[in-house]
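Structure first, commentary second.
By written order: A, B, C and D. Residues from 1 in each chain.
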Amino acid sequence: MGDRGIGAETACAGGADTADEGVFMPVVVALGSVAVLILVAIAAPLASRRPAIATPVVYGTSGLAALVLFVTALAALLGHLDVAGEVVLPLGLPWVGAHFRIDPLSAFFLVVVDLGAATASLYALGYGAHEDHPERVLPFYPAFLAGMNLVILSADAFSFLVGWEFMSLASWALVMAHHHEEENRRAGYVYLVMASFGTLMLLLAFGLMAGPDGVYAFAEMGNRVREPWLPGLVLVLALLGAGSKAGLVPLHVWLPLAHPAAPSHVSALMSGVMTKVAVYGFVRIVFDLVGEPVWWWSAVVMGLGALTAVLGVLHAILERDFKRLLAYSTVENIGIVFIGLGLALAFRTNEMAGPAALAVTAALFHALNHSLFKGLMFFGAGAVLTATGERDIEKLGGLIHRLPVTAFFVLGGAVAISALPPLNGFVSEWMIFQAILLSPDLPQWALKFMVPAVGAALAFSAALAGACFVRAYGVAFLGRPRSAAAAEAREVDILSRTAMALLLGLCLLAGIVPGLVIDAASSVAIQLVGHDMPPQPLFPSLSIVPVSEGRSSYSGMLVFIFILISSGLVIWAIHRFASKTIRRGPAWDCGFPDASPATQYTADSFAMPIRRVFGPVAFGSYIERWMPPPGDPSPARLKVVRHDLPWEILYAPISGRVSRLAERLNTLQFLSIRSYLSLVFAALVGLLVVVAIWA
Amino acid sequence: MTSILALLPFRPVDAVIAVPALAAILLAALPGRRWSARLNVGASLLTFLMALTLLIERPPGGGLLFVDDLNVVFVVLGTFVGFTTSVFSASYIAHEIEIGRLTLGHLRFYHGMYQALAFAMNLGLLADNIGLMWVAVELATLTTVLMVGIYRTHDALEAAWKYFILGSVGIALALFGTILVYMAAQPAIGEGEKAMVWTVLVAEAAKFNPELLNVAFVFLMLGYGTKVGLAPLHAWLPDAHAEGPTPISAVLSGLLLNVALYALLRFKMLLAANPGTVAPGPLMATLGLLSLIFAGFMLYRRRDIKRLFAYSSIEHMGLVTFAFGMGGPLANFAGLLHMTMHSLTKSAIFFAVGQIAQAKGTQRLAEIRGLTQSHPMLGWSLVVGVAAIAGLPPLGIFMSEFLIVSSTFARHPLLAVPLVFGLIVAFGALVLRLSDVAFGEPEGRSEPVEASYLPMVAHLALVLTAGLWLPPPLVAWFQHVARMLG
Amino acid sequence: MGGFALDLAHLLAGGMVLVSFMLLYQNRMFGLLNVFALHAVVLTASVAWQAFIQQAPHLYVTAAIALVLKAIVIPLALRRMVVRLEIHRSIETVGGIGLTMLMGIALVALSMMVMLQAAADADPLAREDVALALSVILLGLLMMVTRYNAVSQIIGFMSLENGLILAAAGAKGMPLVVEISIAFSVLVAFIVIGVFLFRIRERFDSVDTHALDDYREGRQ
Amino acid sequence: MGMIRDLAIQGAQMVFVLVLAPLLLGLTRKFKARMLDRVGPPLLQPYRDLAKLVRKDVVLAENASWLFRTAPYMIFAATWVAAALVPTFATGLQFSWTADLIAITALLASARFFLALAGMDIGTAFGGIGASREMLFASLAEPAMIMMVFVVALVAGSTQLSFVANFMLTHVSLRVSLGMALVALVIVALAENARIPVDNPATHLELTMVHEAMVLEYSGRHLAVIELAAALKLLLYVSLIACVFVPWGLAPPHSGFWPLVVGAVTHLAKITIGAFLLVFFETSIAKMRVFRVPELLGSALMLGFLGTLLLFVSRSF
């Protein structure tokens, strides 16, 4: 086997050939800032004696490094920088070396990652001050950022996996930051095991693609002819590996446990950004490395995506823990992204380049959008957490009076995440719908029939997302405070609010001039499906045209302006002609006098109809009623039983089997010497028999 | 450099054997407290330096000892771990004496035996004669048996007795295998010493009677496999690790297992050199895989922290054996790398565990909690160590596991399934234990640790460096060895 | 001469196998010790004969060691120990004597099968010798696993080791045989009069390895 | 010149829907009363109601937040924009490419979003119950709507209403899929506009109410704006059905003055008929239990989906 590999040990190991390519190579800059991040991570423990100094320094430097990376990647993506060439450092696998490069795909995801990282760092500058154990957060935060960037920068299987697992490890440490809560430890445990499972799956995928002679560099890996069965297997492994990190159902179980457990700015990164790194891994393998797809892949990916989207949002809508709710909604959005990717595969296998470009652009766009508004929402959740110390929305309420600014930003985030115009969430989903509308031209009947169903699922999840965030926002921010903590909440610091404002601004920008993003992503589309969407003219029409004028178009800008004008008109008219007087009085409430806050509609009661309608299918949920016998004054009882089906069907049995087997094998620890000897004896005799028969 | 070596009045090779032997006699003979530990450290250091010189200049063949690329790896690694362990054991034993678990008499015995062990292992590694190697391995076993029993507690004697009986049977089987090899060689080479000399054997192997070699390998596999700790011959290993003094656990995991493995590899090369034999690969791979999965499951129910890591040693030895069984340059390279990394990591972990046990006054997992809070340095080092042993990057073991798994999958996809399964099972168990031990609310008594962190940190640093960057010479050298192993 | 040498060598080696069976058959402690002494004697004879026909004087040393140590010293030591520890009762066996005998026969068959076809082209003397030695070894191991009682396990181990010596002696011109036999005697000495039995006797009032074996992690 | 003209037409459209909306409401009330053998309120009653509401003071609950006060305008604006983009009397409006059918659906969704939030702002039981049910219905109505859009879009090859309308004008053909889409759209329209059998616009103080429960706390000008928005929404759906399924009379792009007038008149006729049919349907059936509604909407969804599939069958790719 590794004769070429083994033979060429010193060829690459001969040092970084960066000198001739000039120091201004973007990838070198990127690596430099990653190095800075790692240095900060190493230095942090020493500094963490004085959190008052360490916190701003660590987050500040991390933020700057992320910013540099962001700018570099953006410039590279827009083609202002020459990204040609690889850097090969004599690290990692000796005869392979550590390859790094920036191509459009990685540039795009670098933009996503480091945009999130920069804002998160900004937010953490304010938020991090509230951390009880900074020494458990500060060292790992920059390490986490470094890991994510390394994954995207690396151009060989080994560095990729090192970065990947390093990312998991760092985020695990961050999840364990609040290690006193039992469930955080459990979350960390489940997370790390799932993560390493995923890594091993990816390792197998790379092992397959590298072949017996161990070609680990992506550059050579990409273009090699293979057995026909191999790419399919690779796809499955990639789905298992990247999917488990991204949170595809049924591999999502760790996600709602781990994401909320971390400090909020880290949750924002894990949910908004790390899942995107997983998406990147999937795209890299399936679109770039493995070669020509087969049509049934798209069916698998799309189906999983639809399932994930619907189940994720259904979980989210029943969740009471604000951060966990957000984590579940992450699962939903990942599902949407994978729907887009599946469509892209479907079109690509049938040489429909234009639609494929549309679908893949939509998927990337949605990935970007999600990183924006999910970050915003988690920042909001963090703000609520610092203000009230509560994550259970049932104990909140009326926060819009106590923290108006945060409330405003979170409202914006809620609108965006519910895919409502004119914000960005809508645009990407609209583009996916447009791609779906092109599906009838697909030759495969299975896809013809499947895609509209997927579309229905998409619409369904979008609508449910709306419901979910009406519930979350309405219960947490509106109404009257349900607890003292909520009543005494204080508005959070200016930096946190700035971070939120920044993200909301970006959501709006991406919503009203989506053409910018689409054009920026065109090079990526070309790399992935060999075609890009028609260039989106910024002026005069300001509208995006996925396929052709005649087919469909949407102009976020004009919708926005329209809404502004028309609402302005109304307000003007009303205040011109109507009576301006306002009388404050007790709530009318159909005449019930001064009802206590307890009479408000709770989150559970809000979700009840939806649970009742969809629960039996999605969660096998049912209600246990207990009525006292006649004459018994004791109250009737009502208990809602809800099952987490993936866990109960998939994970519980496995862990059960493992522990049972462990129990059974454990008796081997307690045998007598004689029995151990008989084991040896048996082994000997057995082998002798084998030899006797063999020879 | 070579010229300087030439000035030495003796050959470094002999020194590697002689220094520990003399030190053993000296330490056993002389009483004394402080400086006996120092002498121990000094002797180990000297041995290590002598071993290092072997890298620069090889002695010419002939004589009872010989040096080639293969055993130099083991010798240098072994002497290094021996040295660091002696540093660790100095403080560890001092503490044991303070709390009165050991007496000064024990101290003499302990240090004497320590050097004797070093002597035996170096002899086993450097011996150019399969009979001599066998004797050395037996000697090593006996010394470790005595050390395991040193606490004289009921449990310690249990462990030692178990180790002793199983070890002796193993030795017996290995001897029979050796005799068979001689019988196979004797017609081709002729009677007498020559027919037991490695160099000659390997050169002539093609002429041997293959069937006889097959049978011989079965016995050698089981005999030395007992020492390697492969399931189902592993029974002695966990208890011996758990009941002996922690430095000895470190030496056992870090060195003795390797010595036995080295013997196996030698004979594998012998068989590989003979076309007629049934390839030994499948046998090794099977036993390795079996040990890996078995140990993975056994990790779950452990209540004793040292036993936990003992089982993880079984797991990793299984993995290494599997890799060598797979064969081929890449897998062999991975195997060597993995073995090296495992020795360093595991001994580092045992250093940490020893200090933990001394600080908490117990080895029970249930009574150790929240170390990262009560003893940050210890706790985090343990986290790093376990991360390393569990095969997480950027630590060295990840690289070797990466190579093993991916190359296996590329060649025999079906074999990779149980492999990955075993890895995940073991991983789950380790992380589960770790998150209880290192995190959560600290419990129980906890004293400050006065022992030095140096050895532990040094090992972990090495492992980390190796995970990121392997020095090209080392790589070239490993690759040469890998090709040697065929 | 050659034919006769061969036959006698076989006779002695086969004799050892026979005695091994007798060991398996024994269920009284003292009887066991006596038979073991016999085992050692036969070994001595066979090694001596090998020394003679191979003109290998050093083998006489091995023979002497075997005779002195195994045929006289150790049995006596064991006997005294047995008396002192009052364990001269009948030996409990796993699955009864008859079954072990049957297994023993199967093992002998196996070893023949393996060795005879393996060493087909080795010189017949060595071949038969090693085949019989292997069966002695397997029988010794079988004894170790089918006896509960430490003394009989020790004897099992020693008979196994006798088998090894036999094989070593049979291997023509094998060096180090003396060293090996000495090393093994050290081992055996360890086992027999070694630290452990004393310790064990201090701590438990029998060497019955039951007492040793009920080792439970849970107990600590 | 043409630009100005198009802009003018677009403006006219906006004013047109605004003026027409209350009239449609009045029509339905009138027809209903007639069917129940009552005289019923005059056609212009809705205008009067609005005027009165506008003149009244606003009574605001103590803990009403800024969201509560801005929501009506957001709701109104979103609905109005959506309504302005549905061709009523002329196709090829200046801004028709601003948003297609999907975007219009989404605009209505955002209106609903704010309405539901406003319902929860005061923190009463009624607001919550209304919001919760509204969102439940929406979660099924929207997919149904989207499926309907699929059918239409697959037939017409566009989601742009103007194009759809023109296509329907030029290629008239009876398609079973379109029939199903029509039924689905009607069901959705009923649900979205809180009509019987889903909700009863005339009730108060019933635990079954949805829309009214959300706006319970509104008064004065806020209520006026919301009512107007509701009326606009009803008009929107009627004209949507009209322009997709009975597009005759719509003035083609860049047409002169008279076609526009014709278009306006025909549209008036259309909504009159629409109102009549709506009332006829409402009077002839009873209101449903809340938890039967999802089944109704689910059937709409199924119809839409079936329509898409049948489309493949009927139109062989």
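Heads up, the rule we're going with is that contacts are C-beta pairs under 8 Å (C-beta built on N, C-alpha and C of every residue); 3 or more make two chains touch, one makes a residue touch a chain.
As the structure is a computational prediction, the values presented were derived from the model and not from experiment.
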item	value
Other chains in touch with both chain A and chain C	B
Top chain pair, ranked by number of contacting C-beta pairs	A-D
Centroid distance [mean C-alpha coordinates] between chain C and chain B, Å	31
Inter-chain centre distance, chain A versus chain D - centres from mean C-alpha coordinates, in Å	36
Whole-Å separation of chain centres (CA-atom averages), chain B against chain D	78
Length of the line joining the C-alpha centres of chain C and chain D, rounded to whole Å	100
Contacts with two or more other chains, residues of chain B listed in rising order	161-162, 165, 169, 211, 214-215
Residues of chain D whose C-beta touches two or more other chains	none
Two or more partner chains touched - positions in chain A	669, 671, 673, 677, 680, 684, 688, 691, 695
Touching pairs among all chains present in the structure	A-B, A-C, A-D, B-C
Partner chain C, residues of chain A touching it in the complex	669-674, 677-678, 680-681, 684-685, 688-689, 691-692, 695
Chain B-touching residues of chain C, taken from the complex the two chains share	114-115, 117-123, 126, 130, 133-134, 137, 141, 144, 153, 157, 160-161, 163-164, 167-168, 171-176, 179-180, 183-184, 187, 190-191, 195-196, 199-200, 203, 212, 215, 217-218, 220
Complex interface listing, chain C residues touching chain A	94, 107, 110-111, 113-114, 117-118, 138, 141-142, 144-145, 147-148, 153, 209-210, 212-217
Chain D-facing residues of chain A, complex	397-398, 400-401, 404, 407, 411, 415, 418-421, 426, 430, 433-434, 436-437, 440-441, 443, 445, 448-449, 452-453, 455-460, 462-464, 466-467, 470-471, 473-475, 478-480, 541, 543, 549-555, 558-559, 562-564, 566-567, 570-571, 574, 577-579, 581-590, 592, 595, 597, 599-602, 605-610, 612-613
Touch list for chain D against partner chain A, complex	14, 54-63, 65-67, 73-74, 76-78, 80-81, 84, 95, 97-100, 102-103, 106-107, 109-110, 112-113, 116-117, 119-129, 131-133, 135-136, 138-143, 145-147, 150, 153-154, 157-160, 163, 204-205, 216-217, 219-221, 224-225, 290-291, 294, 301, 304-305, 308-309, 311-312, 317
